[in-house]
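Heads up, there are several structures right after this.
Both complexes shown next keep subunit A, but they swap its partner, so subunit B is in the first and subunit C is in the second.
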Partner chain A sequence: MLRKTLARMTLGTAALAFSLGAWASSPSTIKIGTLYAGSGNFAQASTRQYDGLKFWAKQINAEGGLFVKAYGKRIPVQLVAYNDQSSTTLAASLYNRLITQDQVNILVADYGSVLTSVAIPLALEHHIVLFDETGTSGKFFKPEDKNRYIVLTGLPTSSQWPKVLANFLHTVGSKRIAILYAANDWSGSQAETLKTSLKALGANVVFYESVPNSTSSYSTILHRIAASKPEVVAEFGYSNNDIAFLQNYESSGLYFPMVFVPNPALHYEVVRKAVGDQAIRHVFSYVAPPLIRYNKEVNYGPTLDAFEAAYAKSGGKNVDLSTVAGYNTGLIVQKTLATSATFTQEAMRNAVDTFSGKIFTLDGLFQVNHEGAQTGESLPVGQVLPTPHGLQLLPVFPLKSAVAKYVYPTPGK
Partner chain B sequence: MSLLEYAVLAGIFYGLYFALVGVGLNLIFGVMRIINLAHGDFLILGAYGAFYVFHLFGWNPLWAIPIELVVFFGLSLPLYYLLVPRLQKSGDPEMLSFILFFGLSQVIEALAVFAFGNDQRSIPASVFGGSPVTIAGQVYPASWVVSAAVGMAGITLIYLYLYHTRIGRATRAIMTERSEAVVTGISVHRVSAVAFGIGIATAALAGIFSPFMIGAIAPSLGMGITVTSFTIIVIGSLGNPLGTVLGGLLYGEALMLMQTFLTSWAEMFPYALLILVLLVKPTGLLGKAVRSA
Partner chain C sequence: MPKGWRSTTLIPVITLLAFAVLPHLYNNQFLLFNMMMYMALAQGLNIIYGYTGYLPFGYVGFFGAGAYGGALAITFLHWSPYLAVLAGGGAAVLLGMILIPLFRLSGAYFSIASLAAAEALYYVVANPGLEPLTQGPYGISLPQVYDPNGAYWTMLAILLFSLIISGVIRRSRFGLALSAIRESPLSASMSGVNVVKLRSISWLLSALIAGLAGAAFGWYISVFYPETVFGLGIGVFTIVFVLFGGIGTVLGPMIGTLILYGVYNYIGISTPEYFQLAYGLLIMILVLFLPNGLVSLARKRGLNVA
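This part shows the complex of A and B:
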């Protein structure tokens, strides 16, 4: 009897000690370190992405914090964020500061591949998982690099984006395609994929050239493209490139049966307001959330409708893909910490694998491969079409995602 | 051949516009020997002015011309008296102006972010009519023709000001030899303030057309435009407004011809041209003319 009592007391004391130890070693806050571009080329998208992440942190803290399975309790979130001014040099220094001085628990990248690229070697060196929000360059996820310290939380790698477009062009029977792209990794990888996919499908790429990122005048180039008599012109660039391209096309007097640009998918209202309804009507693009709306499918976090309503109520406005991407990253971090049995970076990365392919957020199906590249989401082809609510970018292909019938060839100007 | 003809004419339109972009910077340097690194930021402010004239009031951006000329000229006068006389008392006004106007550029950019946000903005090209313009059998955007015409008009007015008005002759006297101008009784600060105002106002004027010529506008574009302007005026000749016309035309032609025949190198070539000009003629193509004017 005495022996049993002693054994129970020993076990009880051990359990108490263990739980007290765990309590004592749990951090008072979960530090999430990130960067945003308050100025410069990426400011427009980066600030919106950061707004999305901030909104998620605010919501989580209002609920008492983030549930951390490793400690069995909710812990408040503390965002540590610095302005990198769209500079990769400054970003590299600030990422290093987040890791070494601020000792953040979670590292979240800034917007896009350019500002994410400098975080990758630092995350790898310090063995901290980089939650990559929108850095979609295929170079980040090469199997030969064996980098387990990166997770692309939303959007497929950019080299995957045009595959649906290539199938669409094949379906509508376009044979002569002109591809123009800005000389950056994001645009170049899309152009390369489209060219390769089209050639495999038997189409003829009649024009394939790059322009500098800073190109703001396309009139002369448009005349060169016209000389190659294409049925489709696909221009890949940043939003400043797309805006100048569409403006110059509209005022050029030229006509192509189809024009495709990528950025309406990312910042539809910004592009539409900049170029005007006349220039964007019937233009083709990708379609991404919030233009493609995930509600019924969502099994983790709020639906897109609920998110937009809550965001608007909190004073937020202009929800676009960047805002959704920032919020979605918060959801993936939330799920990671709710799943990871221990509070180590390796355990967190392994935890991501356990829920990969199983959760569907407002951004789409979250599914990553061994290298952390997003494979769950795909980008349908859309077209800017007139609706009772004005011009909207609507999914038109593949047919299972389509909510409208495409217009091709587009009406002449 | 058709593509070459198109590129050559496009280069003239583009060049005339970029001459207008650079002429204000050159006038300020010629008269005051200060380098206004905030030049591009004033241009961007002018662009935002046109943007709001169009989007808030629904007016054609051409209405922004008289408004902005008055507003920017008016605002630049106190700015001149606040900054420039102090700069010129220093031992090395050129170098100090570099630093001071760089700071001003950063302040304007930051304030512009607060005021207008980071979104890229533009004005639909259709505001100048939906149809392009046919010239010599080639079809050009109407906005290019309007921008070039305004550019040419602006430069002509500055030429008339410099060569056919009393204050313009005083301005040229200061450009030639400031100390002698002082001795002859010219009110250097009054004349310089007017030149400073004209320089800033022409930057704003060029800004009105930048959505059509430079593409979408954003607060961060100012410094890049200043660099382009600087390239143009160095090619033509620092301190010589007429050299700016030549520099602008060379820049426009180089850019358009390269876009036609070597697209990937288009943005680099004007700067290669700058290096070439500096190696062959360090004072710029019209450098000598300004000193003997």
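This part shows the complex of A and C:
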């Protein structure tokens, strides 16, 4: 009896000592390291994304910190952020600094594939999970690379984006499609997927060409596209490409029954203001939060409405997809640390798998595959249509997401 | 050993010691790697610009050619990264040979034509039609050879090679001939200097260094896009570093890179909002008060700068 009691006491003391040790070793703050582009090509989207992440950190700290399951308590968040000025060489050096000098607990990538690319080998080398916000290049998630240290928190890989669009074109019976794309990873992979998907659906791709990223005049190429007599023209490029394309199309006097460009989904107001209402009216695009609003489905974090209200109250500017992506990354980090039983990178990555497919945030369903690529979210097709509040990009396909009836063929100019 | 040669030997030795020890004291290896890369590029540019007076705005084209040359050797020929770095240097030399006719131009025309050539190469490499070869705009991924330590020591070897080449040229009859070309190609030619041959050799040496550096850079980061290695910023930085330190010397480009790249990283982190202002002011001061670079300060005091 005495021996049993002594054994229990010993075990109890050991457990107490162990748990006290665990408390004692918990960090005073959770360091989240990230980069943003304060200038250069990616500045606009990157700073918005960073604003979203900062807002999340501010909210979390106002609640007493991030709940870390491994330590059983809330710990304040400390954001460590550097400006990479849209330069990949500087970004690589700064990611290195975040990992080796600042010794951050969580590593969050900058905006887009180009600025994310240099973080991937570093994260792999140092065995730290990279929370990839918007780097959607398919080559980051190749099974043969066996890289478990990356998680795409938001958008699906870019090659998945046009799948709904291909179904939409099939549904409306478009048979002659012209595809024009800027020579970059993001645009090229969308164009390739659309071409492949359309061919599988029996459509005829009558025009398929690329242009340099810096293209600012589409007048000649628009006439060449017109010569192929397409029913649909899909142009994939960065914002500057879309804007120049729509401006040139508007002034060309040409007419295509449908025009699709991707960037209104990402920065609708920017594109609308640049090209004007007349040029953007009836244009098709993807639809992503905040233009598509997940409110009823959300089971983790605030709804989009609640987020927008809180963000505006804190003095934030208009919410766009980048802001949502930044905030959403914070939510995924939050869920990861609330789930991971130990405070190691391997445990965190495994924790992501345990809640993948089970949480729905303001950005959509969070679901990643074994390689960390986002598979839960999809991008519906939208169209810029007149509403009582002016022109808006509204979801029109698939029908379960639609809030308006699409207009196709679009009215002539 | 003559005094001039002594100082020329001392620079590579100090550089070797510094970059061999620094990783043990400072753990941001990539920053040190970048510093070495820009120092090597600055020496490479110095060979063609500092010694012969031809300023190629498109110097980054060699760097990109090297990065892609090395990557293709790894991807298609399954060469070890060390051999692939040499292949990158070879690719840049090949490009340099193709571009030798640019020397029919001079001054700003040569500078702009080299820039156009680098841009043309960028668009060729990024062309989706070349996806089976260069991966087009989708970029290169080399996770199978990722080895930052190997790439670091390789870059140090490239830097030492560039310093030795630059130092030897500066102290040799070859360098003297190049200086004559810089002052007046016509007079040099009339004095018996084979202008075309010597200028081409220095051009190809310059290309080789940039190509080796580009290949080592591509190996280090292992995932890159065409815009990453053909970005004009790399060329602009190199030119500014060389000008800041002082052209036509071995020490000048080293000091220029050390100070300006150091400032770039310090201000970029501490006060990024003032970075462009500070950098711009620094360059304005240089142009106004030190047009011959920092080494001119030493020369004014009668010091012989290596």
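We take it that the second predicted complex is superposed on the first by the 403 of 413 C-alpha atoms of A that agree within 3 Å, B and C clash if a C-alpha of one lies under 4 Å from a C-alpha of the other, contacts with A are read in each partner's own complex, and residues count from 1 in each chain.
Please note the rule applied: a contact is a pair of C-beta atoms (placed from the backbone, for glycine too) under 8 Å apart; a residue touches a chain by one contact, two chains touch by 3 or more.
Here the structure is a predicted model, which is why all the values come from computation and not from measurement.
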{"item": "Which of subunit B and subunit C A:96 touches, first, second, both or neither", "value": "second"}
{"item": "Partner chain(s) touched by A:188 [first = subunit B, second = subunit C, both, neither]", "value": "second"}
{"item": "Which of subunit B and subunit C A:147 touches, first, second, both or neither", "value": "second"}
{"item": "Partner chain(s) touched by A:39 [first = subunit B, second = subunit C, both, neither]", "value": "both"}
{"item": "First, second, both or neither for A:220, with subunit B first and subunit C second", "value": "first"}
{"item": "Partner chain in contact with A:210 - subunit B first, subunit C second, else both or neither", "value": "both"}
{"item": "Subunit B versus subunit C as contact partner of A:231, first or second or both or neither", "value": "neither"}
{"item": "Residues of subunit A contacting subunit B in one complex and subunit C in the other", "value": "38-39, 183, 210, 212"}
{"item": "Complex contacts: residues of subunit C adjacent to subunit A", "value": "27-31, 34, 123, 126-129, 136-139, 141, 143, 146, 148, 221-225, 227-228, 231, 233-234, 264-265, 268-269, 272-273, 275-276"}
{"item": "Partner subunit A, residues of subunit B touching it in the complex", "value": "3, 6-7, 10, 14, 55, 109-110, 113, 117-126, 130-132, 139-144, 211-216, 218-220, 224, 255-256, 259-260, 263-264, 266-268"}
{"item": "Subunit C partner contacts - residues on subunit A that touch it in the complex", "value": "38-39, 82-83, 85, 87-90, 92-97, 100-101, 113-114, 117-118, 120-122, 124-125, 137, 139-140, 142, 145, 147, 181, 183-185, 187-189, 210, 212-213"}
{"item": "Subunit A residues within the subunit B interface of the complex", "value": "38-41, 43-44, 47, 86, 183, 209-212, 214-217, 219-221, 223-224, 227, 239-241, 243-244, 247-248, 250-254, 267, 270, 273-279, 413"}
